[in-house]
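These are the structures, in structure tokens.
Shared chain: subunit A. Partners: subunit B in the first complex, subunit C in the second.
Coming up: the complex of A and B.
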């Protein structure tokens, strides 16, 4: 019996040892990533490889060439988040990306990296982003303060967005499954709830991919701002 | 594994910078050939056979001599019954979630699995086709060059024969000229000799005719009228006898 709805979101410990690291590493690195660079791969590797190539092109075509060295880091992040989100949909699994600790641990270094890169190589250009073009001078002080706050909020937003979306989706799935188990007496309601569950599952699949894509795309946008 | 990840990111940088990053002595960044001297075994075309998507066929084959065909199924059923009745596995909300999720996955794979596989196979085939086409076009291009080169070499070889061909031509023309003139000479000489021959023939003929006429005229002169009459009466008598003989035979 579930004691509370949020039991599944507790970080798992085994004899005092945190298991999150193992789950995070094992799930994403053992599933569906092509571990060879052969020209013609088997179907599973080819699918993952095609997906990765398409995503890389999508995210990195608007970025200047000097930013393409970030491609490996960001695509790894994308695959990591996506696969972890997907595995969280299976029964009795723990989703590591529902933990704020992990998401902040991904968001803050990536964001901070872009900021430091921009600040050290071209400080005036990166500071110029604080004031958009064509603003009247009377609004300038307020706008600069607001823009600085928005820059500082970015890692928080990245982390919390991912956590909140995944947690909310999984929570909804738990709620609907609870409803399902308690509604076995009346068949029409069961079918209705089951169809709701299936729709929710499809939504969660989409959200898993979209959240990963949004995370990486936003980091690439922050990167584009700060590139040489 | 991580060294390969680092090598990947190192490869993204310029070669000079990459060489400055000494990760470990075992990492080779620029491969010119296969890294192992042993021949690499072929990968299997299809994966291992499975029943119901996850249980390998070898499990059923292993139990077949011990329990027969229904053995694994009885084992599975018994296992599930034990787990449920002894409450090792409790049916809760996660069970319904499991039924829904796994049912959805099975439906998705059954319905769209083939299409995805065909798409991936088409991608693979396109890569092979692109490389084959590039190879074939290069081969055709080079073959055309080879043929053109051979033709040029044949043309150069022909240069050796041009002078002897010209000499032969001139010799043939001279020969034909000589023969023509020889024929002309022969015809002229023959014409003259024929004239003399005809002249001799004409003389002979005229002499012959004249002689015959002279002989005839002399013979006619010697015939007397008496001789004429005798010869005519002889002729009439012979004719009468002939007529009688012919009447007798008829």
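Coming up: the complex of A and C.
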């Protein structure tokens, strides 16, 4: 039996030194396959560069031209989150994106950057976003308070969404595997639980990409609101 | 022993066993030297297994297997309480 279900979410230590930051950096450096801008690429680089170009077009086509300078930053964030989520599915590995500290460290600067950019370059335009067009004036004070709160909640939602999704998926896998270990007696139940386990794994693979995409897409939406 | 002057530039697998302490003494341990060693190692692995026309999966799988084994070593103190037998 597991000591406690949340044991795997503690950062591993080596000689008293927390390894979390090393894992985060190493995965981004080694798992991402560079293409060196060659015309004829090898198979893995072709895959990586096709994926990256498709994602860049998907995320940045609805954004104005002045926001395209954010492409490098946001695509790097996408690949970072995606690779870390995927490698967290291997056995005995530690998923760094399941830690709230890392996700808030990614969400707060990105959101704050868009806010500061909008507030300094066009302050009245960005303040006008707080009150949608055509609202009756009696509702105005409440609506402005609500819109301000929703703007402030955004980085918290970004970070917690990623943390909660990854943690919940890993936890479900742990629980189902605990059930599988103890279920050797009845064969139909074993097959049912095993199929649930396989489906959960496939779901986790999808979630690892979807969460990365949602994170970057939301930041691009916040960027679109604040562009000149 | 005859090629002491070029000992430091030789790769580790080419150094003879008797010359090994001298190779360690003459190696470049500055940050630039360490970084260069990592870069050389990465480029060797990349050009041999990944930067080929076909075959991407075995190249990455070796790295992932090594990563899983290293992770097992790092979390051993946490997971040894989950083992079903005390002595293997």
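Throughout what follows, the second predicted complex is superposed on the first by the 224 of 228 C-alpha atoms of A that agree within 3 Å, B and C clash if a C-alpha of one lies under 4 Å from a C-alpha of the other, contacts with A are read in each partner's own complex, and residues count from 1 in each chain.
Following the convention adopted for this analysis, a residue touches a chain if its C-beta (ideal position, glycine included) is under 8 Å from a C-beta of that chain, and two chains touch if they have at least 3 such contacts.
Remember, it's a predicted structure, so these values are computed and weren't measured experimentally.
Visitor: After the superposition on A, what does A:214 contact: first (subunit B), second (subunit C), both or neither?
Guide: In the superposition, A:214 touches no partner, neither subunit B nor subunit C.
Visitor: Once chain A of both complexes is superposed, is A:91 in touch with subunit B (first), subunit C (second), both, or neither?
Guide: Touch status of A:91: both partners.
Visitor: In the superposed arrangement, does A:47 touch subunit B (first), subunit C (second), both or neither?
Guide: both
Visitor: Is it subunit B or subunit C that touches the larger share of residues in subunit A?
Guide: B
Visitor: Pick one for A:130: touches subunit B only (first), subunit C only (second), both, or neither.
Guide: Neither partner.
Visitor: Kindly classify A:177 by the partners it touches after superposition: subunit B alone (first), subunit C alone (second), both, or neither?
Guide: In the superposition, A:177 touches subunit B alone.
Visitor: With both complexes overlaid on chain A, does A:151 touch subunit B (first), subunit C (second), both or neither?
Guide: Neither partner.
Visitor: Once the shared chain is lined up, is A:104 touching subunit B (first), subunit C (second), both, or neither of them?
Guide: Touch partners of A:104: none, neither subunit B nor subunit C.
Visitor: Applying the touch criterion given at the start, work out whether A:196 contacts subunit B, subunit C, both or neither, answering first, second, both or neither.
Guide: A:196: touches no partner chain.
Visitor: For subunit A, give the residues common to its interface with subunit B and its interface with subunit C.
Guide: 1-2, 42-43, 47, 90-92
Visitor: Which residues of subunit A touch subunit C once you look at their complex with the stated criterion?
Guide: Residue positions touching the partner: 1-3, 7-8, 10, 12-14, 19, 30-31, 33, 42-45, 47, 87, 90-94.
Visitor: Residue numbers of subunit B touching subunit A in their complex, please.
Guide: Listed in rising order, the residues are 1, 5, 8-9, 12-13, 43, 47, 90-98, 100-102, 104, 116-117, 120-121, 123-124, 127-128, 131.
Visitor: Under the stated contact criterion, what part of subunit A meets subunit B in this complex?
Guide: Listed in rising order, the residues are 1-2, 29, 39-43, 46-47, 50, 68-69, 71-73, 76, 89-92, 173-174, 177-178, 180-181, 194, 197-198, 201-202.
Visitor: In the complex of these two chains, what residues of subunit C are touching subunit A?
Guide: Against subunit A, the touching part of subunit C is residues 42, 50-56, 59-60, 63-64, 67-68, 71-72, 74-75, 78-79, 81-82.
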